[in-house]
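Worksheet for the structure shown next.
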Amino acid sequence: MNHATLPVGMLILVICALILFKIFSARRGKSLFIRRIPGLSAIDEAIGRATEMGRPMMFSPGLLGLGLPTLQALSILKHITTIAAKYRTRIIVPTCDSVVFTIAEEISKEAYTNEGVPEQFNPDDIRFLSDDQFAYASGCVGILNREKVASSFLFGYFYAESLILAETGHQVGAMQVAGTPAITQIPFFITAADYTIIGDEFYAASAYLSREPTLLGSLVGQDYAKAVLVIIIIAGIICTTLAGFYPSWHWLTWMDWFKPVSQ
Amino acid sequence: MTIFEKLQHIDRRIMYLLLLLVIAWPLIWGMDMPIMVSPAVKGVYNAVEKMPKDKMAIIIVYWGSGTIAENRPQVEALMRHFMMRNKRFAVLAFDPQGSKFSYDSAKIISSELHKTYGKDWVHWGFRPPANLIPLLQSFPHDVIKNIGTDINGTPLGKLPVMNGIKTIKDIGLLADTTSVGELDYWIAYVHGPYRTPIVYGPTAVMTADAFNSLDAGQINGLLPGMQGAAAYEKMLGRKGFATKATGALSSSHLLIIALIILGNIGYIITRRRQEQQA
Amino acid sequence: MYILATLKTFLLKWFPIFTHGMLKPGAPWYAWLGGIIGDFLIIGGILFLILRMVPARYRKSLIALLTFLGGVPYALEFFWPASKGGDNFLSLFVRQIGDGTNVLYSFALGLGIFSLMRFHANNLIRKRPGWHNNLAFFVAFFTMMLAGFANSVHHNAVNSNVFDMLFGGIVSALGSTMFSTIGFFIVSAAYRAFRIRSGEATLMLAAAFVVMLGQVPVGAWMTSGIPENGVWANLRLENLSYWILNQPNMAAQRGMYFGIEIGALAMALRTWLSLERGSFFEKEL
Amino acid sequence: MNIFHNIGHSFNFANSTVANTWMVWIAAIGTLAIYSVLYKENPVYRLFEHIFIGAASGYSVFVTWTQILKPMWWDKITSGEAYWVFALVGGAMFYFIYSKKHVWISRIIFGTLLGLVSGAAFKGFAGLNVDRIHASFKPIAGHGMPLSESLNNLVFIIVLLAVMSYFFFSFEHKNRVTSMPPKLGRWCLMFAFGAMFGSTVMARMSLLIGRVYFLLGEWLHIIR
């Protein structure tokens, strides 16, 4: 689909409107409920563990360049580095993309400055390893082993290297919290990491961690948008079933709005 | 620690060593495993059988050292089949390593079956992937002019194997072996407009998607990864690398399953004993 | 379209001061390099002076504005109805932006390489433990880079063989080796995780078991006693595994994708409109 | 003399067989070095890890120039499209992160990139989801529809809706009725994850077999 058809455009606009509406109503101070997400609650525990053991942590923002999953990963990174700076726990961030690397460096620098300890920031801890998938993985394996990492966070878009990172992390005894929107990699995180954030819990993470009204509102808006999709799908199922019995009911053709256009 | 507790905590190094052994054993000594020939593989075999002798087949090589274990047996089985039936084929590579690997394979099989390069088969060499679409658009109209030279730089017009091959109408079959998944382009630019039959050799991960194209009749047959190549070898009546490698594939799966069962036995018995004690 | 063309002519005429008129296609590369650097310094200098004048309190708004403007062409191109060819008046422009972004992004590679160099040079100069590894890094880096350029600038048998040797022997071989370690890890992960500890774990185990067996010939052989046609054929392992992958698995994946895509859309919306106050950069500018 | 001649021959890279032998040996040693980390992290692995990262980065500099910057930037400028100089100006703005005073200039370019990424999200959303929505309209019954298809569609729909219900974050799953679908959804998820895991095993084992074949076949010539 290269261009929005009218119904598709409307659908997207409705979704956006719901999200924006909820964001602005949350900003006006409406209190919102979010259910517990165990994996995300474990982040603080993992930071605490590294602090107690006096060993560093590792955070991998995934393999994608600057994209939406990476932006989400970076905002989780911001939460983690802020706490890490508070407790003076080292956090090593290996990246595989120059632009992501630069933003990660900025985030860390700021976290330390905000805690009033800018001198604690070590530029060597935010590293660009390589933009080659497996060179990056081999570097991460090296870091996990040599730095005796106590906690490892894997957030972002991962490909096949997910299991290399998670299993090595397990072998060095790190506590691992992982989450990715790359669905086919989630099983590997589930088997190897201690806590896994599943599916779009990943996009709920920053709201859950920061409790900022904008993000909470957005999360509730996303729920409404999903509800819209559920309603459309249920309606579609009922209508295709009916269309099978009553082919003459032409109003049922609304389902074709979503028919793939050849292009 | 009782034996059942130990079963729950087998050292990973032992597992890794076992894995290496169960993989190397069938590769070196061979291991007879039942191989099923699926309709998808039969489709490939039949497509090759049906290709008229006055036409030529093109084998596309779009893979490198990473997936050599999956794609090379597919290519070798195809080459062998063409040579056994005295049908002409050309190899066209979009990966520099794959180009070399497929050329080596073809040379070995051709000397085994007493065929001559340039007369019975030809290797068109490597073309950069960026040229794929321009090439797809141009070569159907004039194969010799748009492909130009073979892997050794010889102009195609000088090779007897190219006699009578002018346009895409003289190409009887396209065999796409790939780790990239550019099948859609071949369907869009070649199968769609000219109805040239296509058979497909993807890697195992890409197989699920490929069944859609098979259902839709866009491809005539499919070799799912290494296993597909093994089934093809079975149909050709010659056990090659894929047959051995399928043994390794089966044994490694069986190892995982055995380890999972052992771990669970240890877990269940230990838990039962703890419950009894408590 | 007309506006864009006019803008293009205007830029071509006035901005690249050195290249305009003085350099023609076919001039030697060093002349072009000089021209480009000259242009860059003048344009960059002017831009820098302008930006310096922006008062601190407007900087944030300026960035927010640019973020919004950066997204406008893409969004508009999508929502604007297409004409016959499947394109609209913005399609070509958007494709050009794509090229430009690619180039822009490539210039950023220097940041990453600089960080790598700094890290390894630091260790090397201070002779920290393991400094010979850092030396090996530099040797490998420059050898590979030079071999690549030598082969593309001066293509002959030696250069091409040396390049193939280094690429095939190091980059490609180590890459596929690292990739294949997943084969080992998948064994230890499966062994450890697939225990019937809980209902969830058992479900996962069961599905993995059936699919694993269904994928290899042994599995097909195990249930080959079941007739190939009829109702019972569904119980043949290869069919069962196919069904699991194509029915429940696909449905579950689709359910997850809907949520993920909406999450991504919300993220995009917040970024585009700069609603996420200081999610990346908080510091006062 | 003869020895020197032989040494000279083994470095004769103009001969592709010689270069190939070198390549196989380098690759074999590297392969073993990388595998050694499976036993324990060790100095040999460390060395090859650094070589790998170095070579991959050197290669990516080469590729970035030859595949992106040269054709899409340099060649365009030298063929008269001089306004591409602006891309260099934009690219230079990244480097202001190293300036304490003018760091905000780098954010202009980051901001613009973020804008580009988010603006493209609408098309991304539509491209991925519209077909999926349409494909989810599966009839539960119909004239002459076989029972098996009905059942399959029913399973599909139940799993889809249950999984979607699991990802509603702003509802508390308080009573039995409302907590049922999310719970079922989670079970479906776990089942699907198991299936995904199982289906990946074969691909990964194929890769490993490829590497073992390289060691035993291409390097040691034990198998063919």
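Letters A, B, C and D mark the chains in the order given here, with residues in each chain numbered from 1 onward.
Throughout what follows, a contact is a pair of C-beta atoms (placed from the backbone, for glycine too) under 8 Å apart; a residue touches a chain by one contact, two chains touch by 3 or more.
Just so we're clear, the structure is a prediction, and the values are computed from it rather than from any experiment.
Engineer: Which chain has the mean of its C-alpha atoms lying nearest to the mean of all protein C-alpha atoms shown?
Structural biologist: D
Engineer: Relative to subunit A, which chain's C-alpha centre is the most remote?
Structural biologist: Farthest chain from subunit A, going by C-alpha centroids: B.
Engineer: For the chain pair with the highest number of C-beta contact pairs, give its two chain identifiers.
Structural biologist: Result: the chain pair C-D has the most contacts.
Engineer: Could you state the distance in Å from the CA-based centre of subunit A to that of subunit B?
Structural biologist: 36
Engineer: Using CA atom averages as chain centres, what separation in Å is found between subunit B and subunit D?
Structural biologist: Measuring from centre to centre gives 22 Å for this pair.
Engineer: What is the distance in Å between the mean C-alpha positions of subunit A and subunit C?
Structural biologist: Those two chain centres are 17 Å apart.
Engineer: Taking each chain's centre as the mean of its CA atoms, how far is subunit B from subunit C in angstrom?
Structural biologist: 28
Engineer: Multi-chain contacts only, two chains or more: what residues does subunit C have there?
Structural biologist: Where subunit C meets two or more other chains at a single residue, that happens at 77-79, 105, 108-111, 113, 116, 164, 168, 171-176, 178-179, 181-184, 186, 188, 190, 192, 194, 204-205, 209, 212, 215-216, 245, 253, 256-259, 262, 264-265, 267-269, 271, 281.
Engineer: Mind pulling the subunit D residues that touch 2 or more other chains?
Structural biologist: 34, 37-38, 46, 49, 52-53, 55-57, 59-60, 94, 97, 113-114, 117-118, 121-123, 125-126, 136, 157, 160-161, 164, 166-167, 189, 193-194, 196-197, 199-202, 205, 207-208, 210, 214
Engineer: In subunit B, which residues are in touch with two or more of the other chains?
Structural biologist: Correct list: 12, 16, 19, 65-66, 204, 208, 227, 249, 252-253, 256.
Engineer: Can the chain contact pattern be summarised as a line, a ring, a star, a complete graph, or none of these (other)?
Structural biologist: It is other, because the touches fit no line, ring, star or complete pattern.
Engineer: So, with touch as defined above, which chain pairs make the list?
Structural biologist: Chain pairs that touch: A-C, A-D, B-C, B-D, C-D.
Engineer: Over in the complex, which subunit C residues touch subunit B? Could you list them?
Structural biologist: The touching residues are 164, 168, 172-173, 175-176, 179, 183-184, 186-188, 190-192, 194-197, 205, 209, 212-213, 215-221, 224, 238, 245-246.
Engineer: Write out the stretch or stretches of subunit B touching subunit C in their complex.
Structural biologist: Within the complex, subunit B touches subunit C at residues 10, 12, 15-16, 19, 33-36, 64-66, 96-97, 204, 208, 227, 230, 246, 249-250, 252-257, 259-260, 263-264, 267-268.
Engineer: With touch defined as at the start, can you tell me which subunit D residues reach subunit C in the complex?
Structural biologist: Subunit D residues touching subunit C: 13-16, 18-20, 22-27, 30-31, 34-35, 37-38, 43, 46-66, 68-69, 72-74, 77-92, 94-95, 97, 102, 104-105, 107-109, 111-126, 128-129, 132, 135-136, 152, 155-157, 159-164, 166-167, 185-202, 204-205, 207-208, 210-211, 214.
Engineer: Given the complex with subunit A, which residues does subunit C contribute to the contact?
Structural biologist: It is residues 77-82, 86-88, 91, 105, 108-113, 115-116, 118-119, 122, 171, 174-176, 178-179, 181-182, 185-186, 188-190, 192-194, 204, 253, 256-260, 262-271, 273, 275-277, 279-283 of subunit C that touch subunit A.
Engineer: Show me the residue ranges of subunit A that touch subunit D in the complex, using the header's touch definition.
Structural biologist: 1-2, 4, 8, 12, 32-35, 37, 66-68, 71, 99, 102-103, 105-106, 129-132, 134-135, 138-139, 141-142, 145-146, 183-184, 186-188, 190-191, 198-201, 204, 219-220, 222-223, 226-227, 229-230, 232-234, 236-237, 239-241, 243-245, 255, 258-260
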